[in-house]
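Next come two complexes, and both contain subunit A; in the first it sits with subunit B, in the second with subunit C.
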Partner chain A sequence: MSSVTLNQIGKSYGALEVVSGINLEIADKEFVVLVGPSGCGKTTLLRMIAGLETITVGDLLIDGERVNRVRPDERGLAMVFQSYALYPHMTVADNMSFALRLAGVDKSERDRKVNEAAKILQLDHLLQRRPAQLSGGQRQRVAIGRAIVRDPKVFLFDEPLSNLDAALRIQMRIELARLHKQLSATMIYVTHDQVEAMTMADRIVVVNKGGIEQVGTPMEIYQNPDTVFVAGFIGSPKMNLFEATATTVDGRTFAHLNSGQKISVPMQLKPGTQITLGVRPEALTADSSGPLAGEITVIEHLGGETLTYVDIGNGKLATIKSGEASLGQVGDTIRVSFAADRLHVFGPDGRAIRIQPRH
Partner chain B sequence: MEQSTGQKIATALVGWGLSLLMAFPILWMALAAFKTESQAIASPPIFFFAPTLENFAAVFERANYPHFFLNSVVVAGGSTLLALIIGLPAAYAMAFYPTKRTKDVLVWMLSTKMMPAVGVLVPIYLMFRSAGLIDTRSGLVFMYTLMNLPIVVWMLFTFFKDVPKEILEAALLDGARPVQQFWMLLLPLTAPGIASTGLLAVILAWNEAFWSINLSTSNATPLTAFIASFSSPEGLFWAKLSAASLLAIGPILAFGWMTQKQLVRGLTFGAVK
Partner chain C sequence: MLLSPKNPALARPVVAEDEPLINTTPLMAPSVVLLFIWMIVPLAMTLWFSVQRYNLLDPTSVGFAWFDNYEFLLTDPALLNAIKNTIALVVGVLAATVVFGVACAVALDAQFPGRGIARLFCIIPFFVMPTVSALVWKNLLMNPVNGLFSWVLKSVGLPAIDWFSNYPLSSIGIIVAWQWIPFATLILLTSLQSLDREQIEAARMDGARGWTLFWNITLPHLYRSITIVVMIETIFLLSVFAEILVTTSGGPGEASTTLPFLIYKTALLDYDVGGASAGGVIAIILANIVAFFLVRTIAHNLER
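Then we have the complex of A and B:
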């Protein structure tokens, strides 16, 4: 059992509050990904859990016990740093066994554990090298190995893949997911890359401006974003977001887009309400009877799929994701439609106004 | 950038020219040490002559060179050791547990080096006299330690600052106490820097003349006082003075030559990769 509970956690540097009111339950063996833009407080949150940063307010519980004042090494956590933070003057084997050495574990046991971890991470042949003699991906694996050897209750990762190239990042992503299954450990993973969050997480925690925006499984978050921020942050290409004003004609509600056009909205809204409409690019289709019209300005062929950018007025671009075939040519005017249940409506406070529950 | 042969030759010429210009006084002194007194003061200067060792013979006869040499070794070595023993924990505390005033303390320490030493000669002399430190090796060790501490602390501080914070944090999570972090991580990681700091302190102490001449008379006199003793009483004897100087700076030049790799490595070592 290794659960982590955050109760009303906050962090201030002097008068500057960088994290506030964080409530989160992380269950045993769960893979939780904290995702959010740069500077939102992800690292600060992780470092507070690790014990590298003091907690200004709130309670941190590990396995139900309050650990706010427990020393980092006694919390039973291991952290993998973005910069790897390997000990440059030690061999890979010594790096990995350092914690055990400090804990007074005898040599044969240390070697056994290091070899075991090295096998999992395919580091066997590199054990006698120094960090400087390793590639980025290998260093990353050593950093993970150093964590594994300690048999921690919880693994903490701070953007562990951001220094790797794209191909290696995908490979390590898969390896980490595999490792999570193999070790059946609790993992808390910080990233600003929403693809990593979507692909690896059991649950995603979207963080913004020092607070939690939404917690949920990747699909919940993708399909039912609670706020405009989450809607725009999760998903690639980004969700189309159109600012609009609600109007009523003959008892039916319309959204009058700031870019000029009008769309009917399947809900009752007070006329004059400032709203934001959201539609995922893959939910938009070319349809000669569609409610939106615009001129194609850019077409991007990505091979299996095509992104078409349509100017729907005042330079506002709508992104349409379709299959291999083009929807037209640059300069063509097309009409676009979408299924009513793929429309997201956000109120003036940025929170979702649910049309109907979606599952 | 590729250089053409012409550019390479030009660069070499300029480099050698400047180096010779800077080293000229030393080279001229080395030459003079092997001349007779009349050759040494001849005008126009003489470049080709039959070298003689008579100056060295005269110097050795008049002064007890090993006595001065031993004093220099003890005073330079002792003060360097002491400065490191005090400077290492000081720099460690400032680098890893800074307070609001740490930067000010550092600047203040360095600012003490901006004051001419002669400004505090009288108070220091009086204090040394009351403490019975005049003309003692421990007095000079003490003085040189104080003299070098600001530079030693500054250098160690910058080397410690270069150690990535995450490495120490990783060690903290691995269960290393501060003392273990110091011995198992910081010392090995900054060893080249610490070594070059020590070397620089030895060189500065070895070459120091002002305090040694003013605070020692016979028992504790290091080699700088040895040179000075040849420049005063019976008028100037260029050749003998040159021979004495050569004997005084010889060991430290050899020391610098042997350790130059270490010095340069330490002074240029940046981020710990």
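Then we have the complex of A and C:
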């Protein structure tokens, strides 16, 4: 068992509060991804778990034991850094066995563990090289190997893929997911890339402005974002968000978009309420009887899919994701519709107003 | 002429891959010629004087001495003594500056109130002229009667030490080291500041701290800068002169006479210009041997 519990954790530098009131339960063998924009406090949070930053308020428990004041190396965690932080003057094997050497593990045991980790990561033939002689992907694997060798309770990853090129990043993403299964270890992973979060996580924690916005499985978060921020942050291309004012006509509620058009909303709202409507690009379809009309300004062909940007007034663009076929030509005016249950409504406080209970 | 292509066949608008478009040799010539004269004239004169009979006290004794000057010098025990003293001074000061330089750099890299002032104070000795600092050490610190050190020793009931009589070479070494520690500190401090913070954090996660962190991470990181410090300091330490002249004048006896001081003594105290020139040639040869090994090891280290 290796669970991590964060209880009302907060961090401040003098009067500046960077993280506050974090409550989170991370279960054994879970892959949790902390995702958020840069500067949101996710890395600070990870560093507090690692013991590299002190915790200002709250309790951090590992396996039910409070470790706020335990030294980083005694918390039983291993961390993979963004810059890999390999020791340049040591060979790959020495890099990986450094922690064991300091812990006084004898040579044969060290070699056995290093070889074991090297086999998992396909580093066998590189053990005598120095980090400077390795490619980015290989360094990344050595950094992970250094963590594996320590046999930690929890793996911590601080944006480990952000220094790799796109193709390698996808490959390492798959490799990390495989590694998680193979080691059946608890992993906490920090990233600003929502694609990494969506693809690898058992659970995603969306962090913004030093607090947790929403916790849930990738699909929960994708389908039912709790806040406007989560709605806009998770998903690519971004969810369409339209600011609007609620009005009532004949007992039916309409959203009067700031860009000029009107959409009926399947719920009761007080007239004059400032709301934000959200619709995923793939939920929008071209439909000659649709409620929204606009001129096509840009069409992006991505091969298997097409992104069409429609100006729905005042320069506000709606993104439509469709299949290979174009919805029209640039300059055409088309009408757009969407299924009522794909509409997200957010109140003036930015929190979701549920249209109907979802599964 | 300068801009004309070297090869008329390349006058086409095609740019040659390796051939520079401008012939730069005439542009470099003035500085090269000047430097060459600067170097070759003194060298030639030294070589010339070293085979001459040339004594300032005896204008009548002239003509070629051929290798008599060398023979006289090489059979003189003073030369071997001077070489030994030079090596002892250079090696001792190098060791002291590297050890204390690393210690100062690590201390000044840490976060503490008044760090800016402390850094400034640490650098100051480097800006004090060698004669001035030697006089300060001689008269204010190491003086057996009025010096600070003797006062400290006496106040705890110990006998005062007559530094320059009993430990002449070590005393000069202390003064020179005091002057050069700031240099080592400066270079090593900048190197420390380039040490990746994440690397230290990774080492902390791996269980290194305090001494093990220093030994396994910090010191290997400083290795290159230490070789730089050693190389640059060796060049300057081989020619230490002012500190010796001001404090001991090479004495007592020959106890603190180094090679540069021996040459000075032969030329300007014994008035034997021929013998001093021969000493100079020997010094050039020794310096080149040192430089050869130094440059080779350092080039090897920098390549790693």
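What we mean here is this: the second predicted complex is superposed on the first by the 359 of 359 C-alpha atoms of A that agree within 3 Å, B and C clash if a C-alpha of one lies under 4 Å from a C-alpha of the other, contacts with A are read in each partner's own complex, and residues count from 1 in each chain.
Please note the rule applied: a residue touches a chain if its C-beta (ideal position, glycine included) is under 8 Å from a C-beta of that chain, and two chains touch if they have at least 3 such contacts.
Note that this is a predicted model, so its numbers are computed, not measured.
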Simultaneous placement of subunit C and subunit B on subunit A, clash or fit: clash
Partner chain(s) touched by A:263 [first = subunit B, second = subunit C, both, neither]: neither
First (subunit B), second (subunit C), both or neither touched by A:98: both
Touched partner set for A:33, first subunit B, second subunit C, both or neither: neither
Touched partner set for A:55, first subunit B, second subunit C, both or neither: neither
Partner chain in contact with A:72 - subunit B first, subunit C second, else both or neither: both
Footprint overlap on subunit A, comparing subunit B with subunit C: 50-52, 72-73, 77-79, 81, 83, 85-89, 98-99, 102-103, 146, 150
Residue ranges of subunit A in contact with subunit C within the complex: 50-52, 71-73, 77-79, 81-83, 85-89, 98-99, 102-103, 146, 150
Footprint of subunit A on subunit B - complex, ascending: 164, 166-167, 169-176, 180, 185, 188-189, 272-273
Residue numbers on subunit A that touch subunit B, as the complex places them: 50-52, 72-73, 77-79, 81, 83, 85-89, 98-99, 102-103, 131-132, 146, 150
Residues of subunit C defined as touching subunit A within the complex: 196, 198-199, 201-209, 212, 216-217, 220-221, 223
